[in-house]
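Okay, so chain A shows up in both of these, paired with chain B first and chain C after.
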Partner chain A sequence: MNELVFFINNVVIAGSVTGSIYAIGAVGVTLVFSIMRFAHFAHADMMTFGAFMVLLLTAAFPGVGAAVGLPTAIVMLPLAMVLTALLAVGIDKAFYKPLRAHGVKPIVMVIGSLGVTLMLQGLIRLFAGTSGQSLYIGERKEIFRLALPFEGVRAPIVITEPQIILFVLTFACVVGLHLFLNRSRLGKAMRAMSDNPDLARASGINTNTIVAVTWVIAGGLAAIAGTLLSLDVTFKPDLSFFLLLPIFAAAIVGGVGHPYGAIAGGFVVGFAETLAVFNWAVLLRPFRDSLPEWLAQAGNLAFVGTEYKIVVPFFILVAILVWRPTGLFKGKVI
Partner chain B sequence: MTPMIEVRHVHKAFGGLRVINDCSLSVEKGSITGLIGPNGAGKSTLFNIIAGALPLDSGQVLLDGEEITNRPANELFHKGLLRTFQIAHEFSHMTALENLMMVPPRQAGESLFNAWLKPGLVRLEEAEVRRRALEVIDFVGLHHVRNELAGNLSGGQKKLLELGRTMMTDARVVLLDEIAAGVNRTLLGDLVENIERLNREMGYTFLVIEHDMDMIARLCDPVIVLAQGSVMVEGTIEEIQNNPEVIEAYFGSNVA
Partner chain C sequence: MSTQDKRREDLVDTPSRFPVREVVLFAALLVAILGVYAMMGTAYSTRMLVEAACYAILALGLTIQWGYAGQFNAGVMGFVALGGFCAMFFSVPVNDAFWGSELPGELGRVLLYGVAAVLVVIGATRLDRLGVPKRLRTLIAVVLAVVLYLVVISLMREVTGEIQSRAGFVGGLGLPAWTGWIVGGALAGAVGYFIGHICLGLRSDYLAIATLGIAEIIKAFLKNSDWLTRGTATVSPLPWPTPGPAELGFTLARALYLSITAVMIAVIFFLLHRAYHAPWGRMIRAIRDNETSAAAMGKDINRRRLEIFVLGCILMGIGGGALTTFNSLFDPQGYLPLNHTFLVLVMVILGGPGNNLGTIFGAVAVYIIWIMSEPLALFLMQLAVSIGEGAFGWDAPANMDSRALQARVFVIGLLITLVLRFAPKGLLPEKVKHHG
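Here is the complex of A and B:
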């Protein structure tokens, strides 16, 4: 039983946490792709930027959270979402819109977004420094230990406050996005534009508005994902480098342009990562007596070492591109 | 009377290729004007310029006396200028019915505020739009495929869907780009009838590009002949058919 608890803590919870963050990130990437038809590399930096805004706001108004019983960072999150959405719209106006107006090829936009990545990261470094910082300023991270009512179970299930908030927010984002895309007229207009931009314009849809709305949603989601990741671990200016590959892998696994695919892809990549670094030797321990000696002796049976975690999404990416190039959900259009 | 559409000295070149060359024409209110010409005469380019899908190099376009030069297509839509595409466009991942329901402008659900705060109003309006879409889909004879994804429809059915789209809102002028291409004869008869009915009952003005001369003869008066990017002649179909210049442009100088 203790082994099972270990599995829940290290795979089920850890995988859901990474999966949720990748999912929210990948949805943003996929939405931007389906409307503007280019891979937006600066997305992960918008996530860092969102977290950085939360850090600034938390530092400016510490203790606000205590009044409502939530971490201050969470109270500041809506404001950070607005700021990140504004940043996204601003970046589009300043860098991508002129390129679009000239009708450049998507690859030019992609390279432009790489430039934006470097610029944003440089800016964040300039103000936040290079070291990791906790988003909990003068507060304590609540950690819940749920002891299981079974005989002989000593280890509790451990879950932290930001993790619970993350699950709740991920669920809310998914439901909200679903309702938005399928029920609201604006969401339908987004689907229409991703399907056929010329016809959308000829049907009276203002495609500039749709582009702006897409950036607002992408920016807002990026701020959520970035902040919750930073709450769970720490805030670092180069967070984005560790997020970029898994997020793109998730978007591609799900079929680029397909929001539900991106969510599924996020969880696939997240769980694949955690399962790959999980030490399976622990689960085998109860059966030690009946195992061959070489297996019973092994202390660490993880597929890859933690330090090589980043190769997992890369491997998934290659596998999907070889066997199912359109992704699990056949993407391209919302 | 102010013409519905007026094109004044429009020029448009793609690189070194001058496609529209000092083209001036006008489309009278309430008319069904035909626009014909040999391949490469610039008909579709001119359409795209009028509909705001292509920027022009110089010149002016007016809609009912109001200058609309280089206005974006979505703005023109709200002014009552609608168009269909030479190669039928559709929202392939939506059903035929949903395609039509995308069209009506300024629905309450369009604003984020209403979508979240006044779901009742939005639902009421959607029911209304749905009723209208069902009427239109009956009208163009696509009732049996209304719940199919538009991407799966045949070429001809997509053309009918395009015509249906123009009927979802109160248009003033509709540009039809080869609506008959790929549509079978029986359907074509229906199409012509529908266009005439819209013209008569709803007061739509039509500008029609067509290669099918029978359809032009049945439907259009007057007919404008475009050749090498400018207007060659304009007149009734009989005048056009007997004009030696037109015959030469179409068949070369050796014929007739």
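Here is the complex of A and C:
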């Protein structure tokens, strides 16, 4: 049973955590992809920017959280979301809109977004330095240890406060996005534009508004994902290229331009990562006596070492591009 | 549409003008190089030129991918690192502690098991020809692949751990450095073939994502395979193909190395020039400019794209090998996306994608700016700190130097976006000839 608890801690909880973060990130990427038709490489740095804003605000008002009963970082999150959304709209106005006006190929937009990602990286590291920092300033990360009421189980299930907040927020984001896309006028207009931009324009939808709304949503979601990631571990300014691949893999697995697919894809990639680095020999331990010698002796049955974690999303990406380039849920834009 | 027509007319009107722009730009570049020589001394400046020449090879590789064919490779770093690894592996002296023991045999045995496992899995995927239902075949193949992978990888872990503890690392082959460059080019081409084969038929964005990923994977592999590359412990010195500084002094040795890279660039430039004006080059440009009509003419688009992508990757591998050998240090952590991907990208789009001369100009010019920007950034940061301390009593953080260097990241990004917006064809645009 201890092994099962170990499995829950290291795979079920860890996988859901990374899965939720990738899912929120991938939703933003896939929305931008479906409205503006290019892979937005600056998304990971927008996540970092959101987390950095939270860090600054938390450092400025460290006492707020205690008054509400939540970590200060979470209280500051809405403000950071607004700031990141403003940044996203500003970037679009300054850099992407002129390119769009020239009618360039999507791949030029991709290169432009790489330029933007470098600018953001440079700015963030200029002000934040390059080392990791905790978002808990003057507070303690609460850790819950749930002991299981079974005999012989010594190890408790461990879950931390930010992880619970993460699950709640992910659920809220998914429900909110669903309601927005299906019930509101703007959401319907967005879906129309992702289906067929010319038809949407002809039927009187203001495409400029839709583009701005898309950036606001993408920026807000990026701030949430970045902050939750930084809360769960620490704030690291140099994560972006390691985040990009799993997020894009999640968006493509789910089918580009398909928000629900992106959520599913995020969890697929997150769980695949944790399952691949999990040492399966642990689960064989209880059956040690009934197994053949060579299998019982195996010390490390992980598929890849933790240092090769980035290989997992890459191979998921390759597999999906080979067998089903439209994604699991049949994306629209290919 | 109308602007495009006008531009075409202009080019047709002046088909063989005197190349004023080229002459002016290259003269300015020569002045800049002479200025660096006057300021920094010959040894330093020659080193800068050699590195710029190696970058020019990388930039030529990217210019045929991006300029000739419109494919965007966001993972130049990975191919550079592969070339560097091969240069290291072939040129470093033989490690007797490894070859003298039974470890090579064990390693070979495990690698043979790996090959056998791959063959078995491939065989399993063909089982449907023997009448096995397709679903069952897939299941068998997947289960077999997982089990065999785990067996081989755990054997591999044992052997590599043994190598690491007893011999340090595998060591090199003790061959001349250029063999490593050639093999590095071939290896980079093979990886490029794998990526291109998967991505080139799909949207162009996917290629960028996949190359970005493979670059990080190659780096992670080289960094963590201590038994093969010594990982973070780095390997140095790497022998040069020419007499080293110990025999000739820094300036002369570097000048000799520079002549080798110059010959390489000349050969590559000549071959690319011929290819560009050959029917093959016209076909490549036709595919880039209008895929549908090229397909309607009966051109095999995906195959041509793959050709040009692999060709570009080969050049990047060779250039990476030359660069790493020159630095005489193989450090997997020294390969950075900024230095080895985005710098090359700036060289290409600033110099003129699709124009080989422009690319070489861009490579040398951008590299000079890049090298000179380091002391400049540090100086500006010091100035800002002293002003801040004097005027506002600002307490500057301790790691100011590393932060100042991050300002260069910002400048590179700004340069990319500005060039794309205001000079999308670069300083020396590609000259499109029209045959009346």
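Note that in this section the second predicted complex is superposed on the first by the 332 of 334 C-alpha atoms of A that agree within 3 Å, B and C clash if a C-alpha of one lies under 4 Å from a C-alpha of the other, contacts with A are read in each partner's own complex, and residues count from 1 in each chain.
The definition used in the following text is that a contact is a pair of C-beta atoms (placed from the backbone, for glycine too) under 8 Å apart; a residue touches a chain by one contact, two chains touch by 3 or more.
Worth saying up front: this structure is predicted, and the values here are computed from it rather than measured.
Set against each other, chain B and chain C touch different numbers of residues in chain A, with C touching more. Contacts of A:188 after superposition on the shared chain: chain B is touched, whereas chain C is not. In the overlay built on the shared chain, the residue A:252 is in contact with chain C alone; chain B does not reach it. Judged by the touch definition given at the top, the superposed model places A:201 against chain B, while chain C stays out of reach. Of the two partner chains placed by the overlay, only chain C lies in contact with A:129; chain B stays clear of it.
Contacts of A:244 after superposition on the shared chain: chain C is touched, whereas chain B is not.
Of the residues of chain A, those at positions 334 touch chain B in one of the two structures and chain C in the other. Considering their complex, residues 51-53, 72-75, 77-78, 82-83, 85, 89-94, 98, 102-103, 105, 107-112, 115-116, 122, 165, 169 of chain B touch chain A.
Remark: chain A residues 38-39, 41, 95, 98-99, 102, 104-108, 110-112, 114-123, 125-126, 129-131, 241-242, 244-245, 248, 252, 298, 300-301, 303, 305, 307-308, 310-311, 313-314, 317-318, 321-322, 325, 334 touch chain C in the complex.
Listed in rising order, the residues of chain A touching chain B in the complex are 180, 183-186, 188-189, 191-192, 195-196, 198-207, 333-334.
Put simply, chain C touches chain A in their complex at residues 70, 72, 74, 149-150, 153-154, 157, 198-199, 202-206, 208-210, 212-214, 216-217, 220-221, 223-224, 337-338, 342, 345, 349, 397, 399, 402-403, 406-417, 420-421, 424.
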